[in-house]
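You will see two complexes here that share chain A, one where it goes with chain B and one where it goes with chain C.
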Partner chain A sequence: MKRHSGIHSFFLEMILVLLFLSVSCAAVLQLFSAAHATARRSAELNAAMVLAQSAAETVQSAETPADLDRLFQNGRKKQEGKASVYTADCGADGSPAGQNAAYRVETAVRTSDAAPGVMLEAKITVSSGDGSSRRELFTLNTKKYFPG
Partner chain B sequence: MTNGKRLYPGVGVSSILMIFLVLCLTSFGVLSLFSARSDWNLTRKNRESVLNYYAADAKAQQVLRQIDAKLREPGARAHPADVLDGLSVEGTKLSAGRTKEIGFSIPVGDSQRLEVSVLPEASGQSYRITRYRLAAAGKWNGDDRHLEVWQG
Partner chain C sequence: MNGTRTQSVQTLCILLIFTLFAAASLLLVLIGANVYRGVSARMDENDSIRTSLSYVANKVRTGDETGEIAVEDEGKIRSLVLLSRYGGDVYKTYLYWYRGWLTESFLAADQPFVPGDGEKITRLAGFSVKQTGRLLTVSATPNGGKPISISVCPRSS
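Up next, the complex of A and B:
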């Protein structure tokens, strides 16, 4: 009878332990999940900033407005009103990627006549995801003046 | 636990192991969350810094445009530094030094500024950028910050 009572209390303890462990694990998983989401958001924003700065410095390195076609030759070019939009798809490490790209860098460049020279205004947008799930990560505006 | 010693009524080895495991998991979870939060705060500061720099850079380009326009005015060709010294362009004050360079600075956030200097060409038609750099906004005063150095 005493042995039977010992086994009974052991199983009771195990049930309580498992119950408490599962509740604790659920709470701890929330912590890890929040940490993972924050770390991922941080890594994405860092990568987006690096890509945007790279595109901005590419714009700044142009010696003439016509240089942009050569400097952004790895991307696709389309015309949207007065702005030329250069689109480049990049992998998670920032290298050029075709399909399954992690990031998309869109550089919309508008040239305005700023007498006596020319002002180049660029809006750089870095986004991630595909199609309808695409979300904007970082936007950077830059200008470059070319003396006349 | 069943027949032998008991550490505490109802508390066996499995309970102690479970408490240890939960404490470990909670510690690691909280530490990883704090680490991720710190990374995020640093990323936000970096973001502000990048945005501030490119905003200042864009403004500097606008000022350069105005300087270029002023240099092409008939009156500025002979003595460009004299004409542009003290002039306010796009809310930025220009100053001319002894070397005939025209300089201006634009604040980048609270602690830095973008310093730009241009040298008008002899023809008076354009300019050459001689300085384009980030510098600390305030002078560092180390006199009031004594370091506790171990003297041996």
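Up next, the complex of A and C:
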């Protein structure tokens, strides 16, 4: 009878230990998954910053406002109010990509008279994902003055 | 006879729980190690890309004077060359990829370029520079990763 009770208490202890382990496992696995997601977001943000910076430098390289059509010829152009929006779907390396593009770079360009020249303002937005799951990753504003 | 059988079943149950405990612990350690390896690799990849691209972009911006930035081929090595003047003497800074490293050489303009003498900046699987119009496009490939490019427009160009 004594031996039986010893086994029972050990059995109970093991079950409690296992319960504690499973709770710890759940917490630790959540931490691992959060670390993984953070690392992935960091890599995405890094790539988005590089893409936005490249788009800003492309805007800066324009010699006239009309030159932007040539510089952003790899993307699509649409008119949204007074702004021209150049959209490019691309991979992380900035090369044009098709339907499975990792990132989308939208450069909204607006020009205004700033006598004697023209002021060009661009808002660059980099996003990832598709359709409703599209997430904005990074936004950058830049300006360039073209003397008249 | 019945008592011995019950005891055996209980011992078996304890052993089973022990095994489960050991397997769960091992699995947790393995998953943890795998996640840590992945996070660490991604961080290294990010660091080498950020370091190399930011370094080159900032070098271009600091050396941004008319005609002082060029892409040159020295033998089989394509390098980004930045000219600078100190006390009337002309110096060249070469940025290039050599034997797995982004490398920098700072030499007087009349000194011969020796790729192996450069200073190692960061480890990369590949690095290239090209000029398209006014834009300089720098591409860096981290070890085990995909290439990432950045464009820089020298304001003096």
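What to note about this one:
The rule is short, and it goes like this: the second predicted complex is superposed on the first by the 122 of 148 C-alpha atoms of A that agree within 3 Å, B and C clash if a C-alpha of one lies under 4 Å from a C-alpha of the other, contacts with A are read in each partner's own complex, and residues count from 1 in each chain.
The working rule: a residue touches a chain if its C-beta (ideal position, glycine included) is under 8 Å from a C-beta of that chain, and two chains touch if they have at least 3 such contacts.
Bear in mind the structure is a predicted one, so any value in this text is a computation, not a measurement.
Contact with both chain B and chain C is seen for A:A39 once the two complexes are overlaid on the shared chain.
In the superposition on chain A, A:I15 makes contact with chain C only, while chain B stays out of contact range.
Contacts of A:V28 after superposition: both chain B and chain C are touched. Of the two partner chains placed by superposition, chain B and chain C are both touched by A:Q53. Once the two complexes are laid over each other on the shared chain, residue contacts for A:R135 go to neither chain B nor chain C. Of the two partner chains, chain B is the only one touched by A:A115; chain C is not.
Shared-chain residue A:P147: touches chain B; no touch with chain C.
Comparing the two interfaces of chain A, the one with chain B and the one with chain C have residues 3, 7, 10, 14, 17, 21, 25, 28, 32, 35-36, 38-39, 42, 46, 53, 60 in common. Against chain A, in their complex, chain C makes its touches with residues 7, 10-11, 13-14, 17-18, 20-21, 24-25, 28, 31-32, 35-36, 38-39, 42-43, 45-46, 49-50, 53, 57, 133-135, 137, 139, 146-153, 155, 157. Against chain B, in their complex, chain A makes its touches with residues 2-3, 6-7, 9-10, 13-14, 16-17, 20-21, 24-25, 27-28, 31-32, 34-36, 38-39, 41-42, 45-46, 49, 52-53, 56, 60, 114-117, 119, 138, 140-145, 147-148. Of all residues in chain B, those touching chain A in their complex are 1-3, 10-12, 14-15, 18, 21-22, 25-26, 29-30, 32-33, 35-37, 39-40, 42-43, 46-47, 50-51, 54-55, 57-58, 61-62, 64-65, 68-69, 72, 126-127. Chain A meets chain C in the complex at residues 3, 7, 10-11, 14-15, 17-18, 21-22, 25, 28-29, 32-33, 35-36, 38-40, 42-43, 46-47, 50, 53-54, 57-58, 60-61, 63, 91-95.
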